[in-house]
Amino acid sequence: MIYLTRRERFSAAHRMFRQDWSDEQNREIFGKCSNPNWHGHNYDLFVTIRGEISEEHGFIMNISTLRDIIIEKIISRIDHKNINLEVDFMKGKIATTENLAIAIWNELREPVLKAGAQLHCVRIEETENNSIEYYG
Amino acid sequence: MIYLTRRERFSAAHRMFRQDWSDEQNREIFGKCSNPNWHGHNYDLFVTIRGEISEEHGFIMNISTLRDIIIEKIISRIDHKNINLEVDFMKGKIATTENLAIAIWNELREPVLKAGAQLHCVRIEETENNSIEYYG
Amino acid sequence: MIYLTRRERFSAAHRMFRQDWSDEQNREIFGKCSNPNWHGHNYDLFVTIRGEISEEHGFIMNISTLRDIIIEKIISRIDHKNINLEVDFMKGKIATTENLAIAIWNELREPVLKAGAQLHCVRIEETENNSIEYYG
Amino acid sequence: MIYLTRRERFSAAHRMFRQDWSDEQNREIFGKCSNPNWHGHNYDLFVTIRGEISEEHGFIMNISTLRDIIIEKIISRIDHKNINLEVDFMKGKIATTENLAIAIWNELREPVLKAGAQLHCVRIEETENNSIEYYG
Amino acid sequence: MIYLTRRERFSAAHRMFRQDWSDEQNREIFGKCSNPNWHGHNYDLFVTIRGEISEEHGFIMNISTLRDIIIEKIISRIDHKNINLEVDFMKGKIATTENLAIAIWNELREPVLKAGAQLHCVRIEETENNSIEYYG
Amino acid sequence: MIYLTRRERFSAAHRMFRQDWSDEQNREIFGKCSNPNWHGHNYDLFVTIRGEISEEHGFIMNISTLRDIIIEKIISRIDHKNINLEVDFMKGKIATTENLAIAIWNELREPVLKAGAQLHCVRIEETENNSIEYYG
């Protein structure tokens, strides 16, 4: 078993809030992150897959295959977008990094499997101080 | 003459567009950065001041004074905000990093002067690949 | 299960040595790190907690709660201090990064538990080349 | 159990290819990485060991011992070298980062054991976007 | 006047040597960097342009225009290549970072001018410790 | 004219204070940085030299020459030391980063000149947020 990690980046707007709460309730729980006019981040997304090394090629998966999967399934749908309004795999979810990591996991699990490896970890760095890891 | 640089960070939403242009025109010029639903970034702001070293203290300016000026004049007004809608010193300007750097310069020049030094440079890193410097 | 990591930073002086050894013995084992006049570092502290996502809020723990715990329990007691002389949770211990990681773990375990999650990992980067991880 | 990680760096040339394939076949699978005239990278090598803390010294292993092992066994043999042509522990292997991580593991396992700890992980960052981890 | 910097990256092999010197002479002057079997680096290229802000668009130059120029004129010709053997704008020159910075300057000066700005600085980071700046 | 920058790192303890002031006065001006029991940092030192490119070698100065000068004149005298007590070129000076940058400049100017180039800039990053530049 060996592990391969690919980083891709995206920039997006979001707001942490519940529609069934008032702005005051949202501000109390989510603080400045609930700003109704949105704010945003540069997100660093680290996708780790695991698998056996192919004797024929010497790698788990061609890194360009992994990159293409991440770009098609995630980056093209979230980069320079509003996570709350425009990202279908986040519809109906509170736009926390925790929920985002799980949603990205769910989008990537099957395509990675089809390409011959197993998804191991989705890690998102929202800022240099805050990050989330999800292992399924 | 010696130079002191302080970094502060903020996360904000923005959109590059002109109100007197159609969405199509905006998209043609500003591309994905003109998304009407906003996107956002983690911005790194580097403020450089210059001055003589005080013989009494051995520094140009107390770094905590510089930090307080940047936080009061910039960070508290832009962090977790929408640059187009909520940042008064950007009102009426296209929300490019170039215009942002100049606007921040204009906010900081006098307070730095009053505190005994000269503003030398405002540098903004919008992403790890793109940055702007302004020297007045 | 999902994992949330918060980074906080502190700068401190320390010295690696045993009081029951001579300066020569200390120098032999700890090298330049045993300098009797101290040296110091910028430490990067990464605290990882794990837990279930609250359906109500969409997060494991409010990141500001985690930040407040780390600042109250660790940063306020060690930042700009001498680890050997002034940090009570390091009293009587050799000031290695290994011992520091365990001591920080012991300070954080209960407060994290009370706040509704489990402490998963304490990681300390002493320099860009050297780091320690402790999982309890 | 506690974990200690040491980073060392090396710069090397390599080419991903199989000698029993034509240049066209190699290019089809390995893309630009199969360039017959070589290309190269700055590699960041992170070696993690695990062990008990010595009560006498307060550490798992003297970090300078670990550094010396990595430099003697790996860096001195690969830095500013051609991985395909000059690195004996890569002879006969496709020069992927996966194979490199396993080969480095095999070189380090025994020396780390002799020095009183266990090798836990070999991680190689080939670029800021691509990395490999191997745990034996 | 305002300054815009774009970073692009490339990985390449090279060797520092003079053909009219023996291997011994080359080794004496260039040390391990003269290895006849090549070595390589991940290079970070920072291109800074300067200009007036267009009142119409709020920027000096569309960052995607600058990116396209750098990719067409430099990255596509040097990434995953051998600098000594395959990069035409380095033909006949010793493959030092100094010469590389000047050669890149010469390739970029006119296209940047045609696009409406002035080339200000070419900076190359060969490793995290070594970098070169050229201002024409 | 071309510019070459070399980074070297050192870890040291210091305290910002004046001996002719009381602890209270020192605390009032220098805050937590005046802690009588010291604190410390990982300092990143960037030394920039400028010169003509030697036609014979293709560089301004052999980077290993510059590295050796910095290590001999600065790093060997300050790394893992107490800046106030043990660094002769800081004797009698308040241990601010400003004074440190000037003192390092004075130590490096002549050796760089003798080696055939001109010292251009000494930059010190005390933390990721605070840095000083001195140009003589």
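First chain written, first letter: the chains are A, B, C, D, E and F, and each begins at residue 1.
The working rule: a contact is a pair of C-beta atoms (placed from the backbone, for glycine too) under 8 Å apart; a residue touches a chain by one contact, two chains touch by 3 or more.
Computed from a prediction, not measured in an experiment: that's the story for all the values here.
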Those chains which touch subunit F and also touch subunit B: E
Intersection of contact partners for subunit A and subunit C: D
Label of the chain whose CA centroid is most distant from the centroid of subunit B: D
Taking each chain's C-alpha mean as its centre, the one farthest from subunit C: E
Interface numbering overlap (same over half, different under half) for subunit E and subunit F: different
Cα-centroid distance, subunit A relative to subunit F, in whole angstrom: 42
Where subunit C and subunit D are represented by their mean Cα positions, the distance between them in whole Å: 29
Junction residues of subunit C - those touching two or more other chains: 128
Chains touching one another, given as label pairs in label order: A-B, A-C, A-D, B-E, B-F, C-D, C-F, D-E, E-F
Subunit D residues touching subunit A - in the complex, by the definition given at the top: 16, 29-31, 93-99, 101-102, 128-135
Subunit C to subunit A touching residues, read off their complex: 1-8, 48, 53, 57-60, 62-64
Complex contacts: residues of subunit F adjacent to subunit C: 9, 11-14, 32-33, 35, 37-42, 79-82, 85-86, 127-128
